[in-house]
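The two complexes that follow have subunit A in common; it is paired with subunit B in the first and with subunit C in the second.
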Partner chain A sequence: MQHAQPSSSHSGGGPIRQPNRHEDLEFPYCPDSNKYEKLAKIGQGTFGEVFKARDRKTKQVVAMKKVLMENEKEGFPITALREIKILQLLKNENVVNLIEICRTKATPYNRFKSTFYLIFEFCEHDLAGLLSNVNVKFSLGEIKKVMQQLLNGLYYIHTNNILHRDMKAANILITKAGVLKMADFGLARALSHITKYTNRVVTLWYRPPELLLGERNYGSPIDIWGAGCIMAEMWTRSPIMQGKTEQHQLTLISQLCGSIKPEVWPGCDKLELYSKLEIPDGHKRKVKERLKPYVKDQYALDLLDKLLCLDPSRRIDSDTALNHDFFWEDPAPQDLSRMLSQHSTSMFEFLAPPRRLNNYRPAMPPQAKHQPNMDQHFERVF
Partner chain B sequence: MNENEAVVHFRVIRFVYEAGLKLRMKTIPIASACVLYHRFFRENKLDSYDPYLIAATCLYLGAKTEEEQHVNIRDVVNVTYRTLNRDKPALEMGTTFQQYRETIVNCELFLLRSLQFKSVVYHPHKFLLHYLKYLEDWFDPFTWKSVPISRTCWALLRDSYHSPLALRYKPQHIAIAVIYMSLLCHGVEVPSNRVSDSTWWKVFKEDITLNEIKDIINEIVYTYDMETALQT
Partner chain C sequence: MAGNFWQSSHFQQWLLDRQDLDRERQADLKIMNEEGYEKCMIFFANFIQALGEQLKVRQQVIATATVYFKRFYARNSLKCIDPWLMAPTCIFLASKVEEFGVISNSRLITTCQTVVKNKFSHAYPQEYPYRITNVLECEFYLLEMMDCCLVVYHPYRPLVQYVSDISSTDDSILPLAWRIVNDSLRTDVSLLYPPYLIALSALHIACVIQQKDLKQWFAELSVDMDKILEITRQILHLYDLWRAYDEKKEIAAVLQNMPKPKTSPSPPPQTQGQENTNQQQT
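Moving on to the complex of A and B:
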């Protein structure tokens, strides 16, 4: 056989007769990241760094998300591959748009290892950043618009059999025109016939009870729970259940949604961790009651109650939620562009002062805690 | 594509199937690896790259994108090496192993860039399954049981990946052509096909023509000719 074995003489499968010219290869579909000029760092998390950047030629402003190449022995990370696959599939007004994928040139300085960047359309704000700014005030109509777009995005991804698996305010982006975009599909997965997913997903504060109890065969209701937490946050302005541990989170959920027991959630006692965790007993469901001081609207309270339903099989789905009276009674959902036009700075959670003082912040890296100067927390949009 | 290249690709795909089965990969991940391989060589010249390296990398990438989680890089290196070097002893942990692994990892990045990061593949399998379910209801149970129509379909579909068929035809169309060919092989006709207003294939997919079905079949037949040529 002519091609008897994988040749190791030419790294990266480049042309056989040019073993050392790998770095000079042109990739028409994978431009050099140098075509963008980095402007500022706008995010940092377990997923890596996010920068605001500008196309040097077209001047288009974009967000660049670095692909962390943690386990380089295993090649391109499967999580990034999933995210790319999913983003290429999802094209919707309320889902962030992936423009392209870039890489840095392999040079001796980076040991011939390229860094890859996902290039997204730029959105000026994220919801966590907006909510942490007391000067940003949402009217009831504007809250309806946010929730309508969020549920619309969820409806779209769920009908495409995708689970987001990391719903939280910081992953909800909003453009200055007031269009909501769901972002960060780094934990997202396609639903398939496989029924054993990892239950170690979703930021703790937004994690639904079924995941806390060890369910591995979950579905779209896990994202709906997150939507419920985010909806309540539109009024409370900070996450409603800030657990320190999984046990603590479960306790907080029980205090709000009532004790978890088979009478309200048939089959919950069959879940793996039901017998291993302490299940607080004797709590009544107080969703409406506890949120009433913040949320005056009856329809809003009713929808919240349905989104934050303990039993995932009876939790409202996005389609039904979009038909809820909340969206169809006065005041009608109202465009956010006018309200946002009063703010000329970008608001991102990463750039914002901590929303809850003395509070445990699991998603935040240490360096974000001591931001130097309060005035520089927000970066100019225009 | 000239004839010699088609023969090389045929051989390499046979290698993909052999190694893929040894890796206990399921049908769809192996099929995806084949499509990734064909996609790569649609854009790139065969004489510039080692097709077996590309194939091994496609297997690894196919396993990743299709969530075949038990396949790891170590197994891919060992299995592909053994498949290509039957007379040599198995690869020991060491420099050579590490070189092979590194080569595949680098090649994966290269492959992803060449493919524009488009690693999603749509296969005819689910369509074939549905079409066969319908056909089963149209046939009388005795004929359906005595003639292995569906088994032939699945075999034909699997073999069709030896050529870049999947790049040029819609998955639905390939599924229909495979059924047509299977019925032809077994000399059976879909009941009432001659007297009905619409042919059975038009019922499954409006936009397919008999000519297209015949084109696909010709291409599959050509693959089998190649196999015969290789054996003689």
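Moving on to the complex of A and C:
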């Protein structure tokens, strides 16, 4: 092995100071990542790659999420710090469990910077992967079980004042025993009353109207909207509103949920972008009507209608949703383990062929004012 | 941050006991006496405070940074990493964790240079030696050593709640108790006791100073008054120490005795430094 050159970053002149690291500096706290053996790459999180791995000693299978040091100036990434502190706080059956944090040893070869890994319990599938496989069929009872667990997870994180801010099918993991786990808290944040948050969160297709209109003082209803999108997807099998731009997304929402106006959503006209974006006029609310061909169950349609409510202050909350008749009328929520036992391979979106349009995740959403051909997509939304 | 203290890593991993702390400190106390060690820790808490004020971060960030600093040296000798480097690293990390944002690299280092030059030249006459690469590297050590336990609970929030519960017309109690909590960061109590007890102790001291009788209120709390008195003693010990000593005059001598890394803070010949580090890592 070649010898590492004396750190080139010091060549810029100025006094060279060896950071005072020393013989007696040992860290028995974070275990060495070597205790896990990587098996396969299974995904790409907000801040790094995810691997399936196995504990060499106990043989426990885990998911290892690498902390990507993209911006060197930032030091340890703030997204990773958030995910760590939020997951250390959240311990719930329906939230992915952070087992520990590992690191590689610091050596001259990595310029004394170790790589950190978050170690999670392993889940065999994600919801996007399951939905993209035509052989996976969910019964009504099983859909109820998925939604019940999802809303239960949301209830738990929201009562702990945490917003997930990136609800989408690919972030919903399901173990082979049929237990749902919310994952990827890289965009999550603790709620406080003073801060104004960025509205550049949530993958576009799952982004609620208040974020599209520039609301910066949002709350738990943004995750509920995502839960509504995911619920509809349980029947449609692909995301229900696949906008290409923020303007386009807003148009798709208006076509499904009706025009956005103060009569149905008091105060919406006060939002920053209401006057700047084109707000499609004259659309009637058609949530139930448009979803009826896919969703036969009346209670399901009613709950969907309440989850996809334009006005965030009147959108149903997770607690009320869990008491909805949907979960209490026949058929009862049904365990997923039987159905999943018929499938022996893992299904992850990362490994599955793309569903419909390419995955679209705008880093810097275009400033588009006009979106031509919008009506052409109208028929093909689902 | 939201959440439940009793389920937190702060409660589960980072409430140490006195014996534990003394044991870890043994090595350093062979080199300097206990009072010198205390003065060192007070001094660097002041340094963190000065950096934080100059950077205009919230007190919450300063408090978290100070606790990080104390956690590191609760488990490591002062000679492991130069506290002059650890102090800004703690501010840098705490600012991100407390959602105050990333402090710009150049601003952090410039601030260190300015603060050292303007306020601490009596203790550190040279130019501030560290670069941002040192801070970023040190951040990793800090994170590892804390086992990534990032969320620190402080006495401020419970203090505000207690004061509003007392619903006193006397509004001098809260600011006074608040300052006592700030001062308590210069003692070991944040490593030893849950924040609500520290809040109660600060409140207790404030009431004594203001000659306000809250015996009844404290009696109804059904908390362990012995613990509160232990904390109170440690805070009062700090005030005694402060009263009897002139930091500006004496600190240079104290820092002189501080255990130091074997490689001196002045630049070692580079090849030699490189060899050392290679050896230790293999």
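Rule of thumb we're sticking to: the second predicted complex is superposed on the first by the 327 of 382 C-alpha atoms of A that agree within 3 Å, B and C clash if a C-alpha of one lies under 4 Å from a C-alpha of the other, contacts with A are read in each partner's own complex, and residues count from 1 in each chain.
The rule we apply is simple: a contact is a pair of C-beta atoms (placed from the backbone, for glycine too) under 8 Å apart; a residue touches a chain by one contact, two chains touch by 3 or more.
Fair warning: this is a prediction, and the values are worked out from it, not measured in the lab.
Peer 1: Of the two partners subunit B and subunit C, indicate the one touching more residues belonging to subunit A.
Peer 2: Counting residues of subunit A touched by each partner, the higher count goes to C.
Peer 1: Given the touch rule stated above, what does A:105 touch, subunit B (first), subunit C (second), both, or neither?
Peer 2: second
Peer 1: Thinking of the overlay built on chain A, is A:267 touched by subunit B (first), by subunit C (second), by both, or by neither?
Peer 2: neither
Peer 1: Counting only touches as set out at the top, which of subunit B and subunit C does A:162 meet: first, second, both, neither?
Peer 2: second
Peer 1: Is A:91 touching anything from subunit B or subunit C once the two structures are fitted on A? First, second, both or neither.
Peer 2: A:91 sits against subunit C, while subunit B stays out of touch.
Peer 1: With the touch criterion stated at the top, can you tell me which subunit A residues are shared between the subunit B interface and the subunit C interface?
Peer 2: 6, 14-16, 22, 25, 27, 29-30, 72-76, 78, 81, 84-85, 88-89, 101, 103, 114, 190
Peer 1: For subunit B, which residues are in contact with subunit A within the complex?
Peer 2: Checking each residue of subunit B against subunit A gives 8, 11-12, 48-54, 56-57, 60, 64-65, 67, 72-73, 80-81, 84-85, 96, 99-120.
Peer 1: Flag every residue of subunit A that touches subunit B in the complex, lowest number first.
Peer 2: Checking each residue of subunit A against subunit B gives 1-8, 11-16, 22, 25, 27, 29-30, 72-76, 78, 81, 84-85, 88-89, 101, 103, 114, 190, 192, 194.
Peer 1: Within the complex, which stretch of subunit A touches subunit C?
Peer 2: Contacts found on subunit A: 6, 9-10, 14-25, 27, 29-30, 72-76, 78, 81, 84-85, 88-89, 91, 101, 103, 105-108, 112-114, 116, 160-162, 189-191, 195.
Peer 1: Please give the residue numbers of subunit C that touch subunit A in the complex, ascending.
Peer 2: Touch residues, subunit C against subunit A: 1-4, 7-9, 76-77, 79-82, 85, 92-93, 96-97, 99, 101-102, 104-105, 129-141, 143-151, 261-263, 265, 267-268, 270-271, 273-274, 277-278, 280-281.
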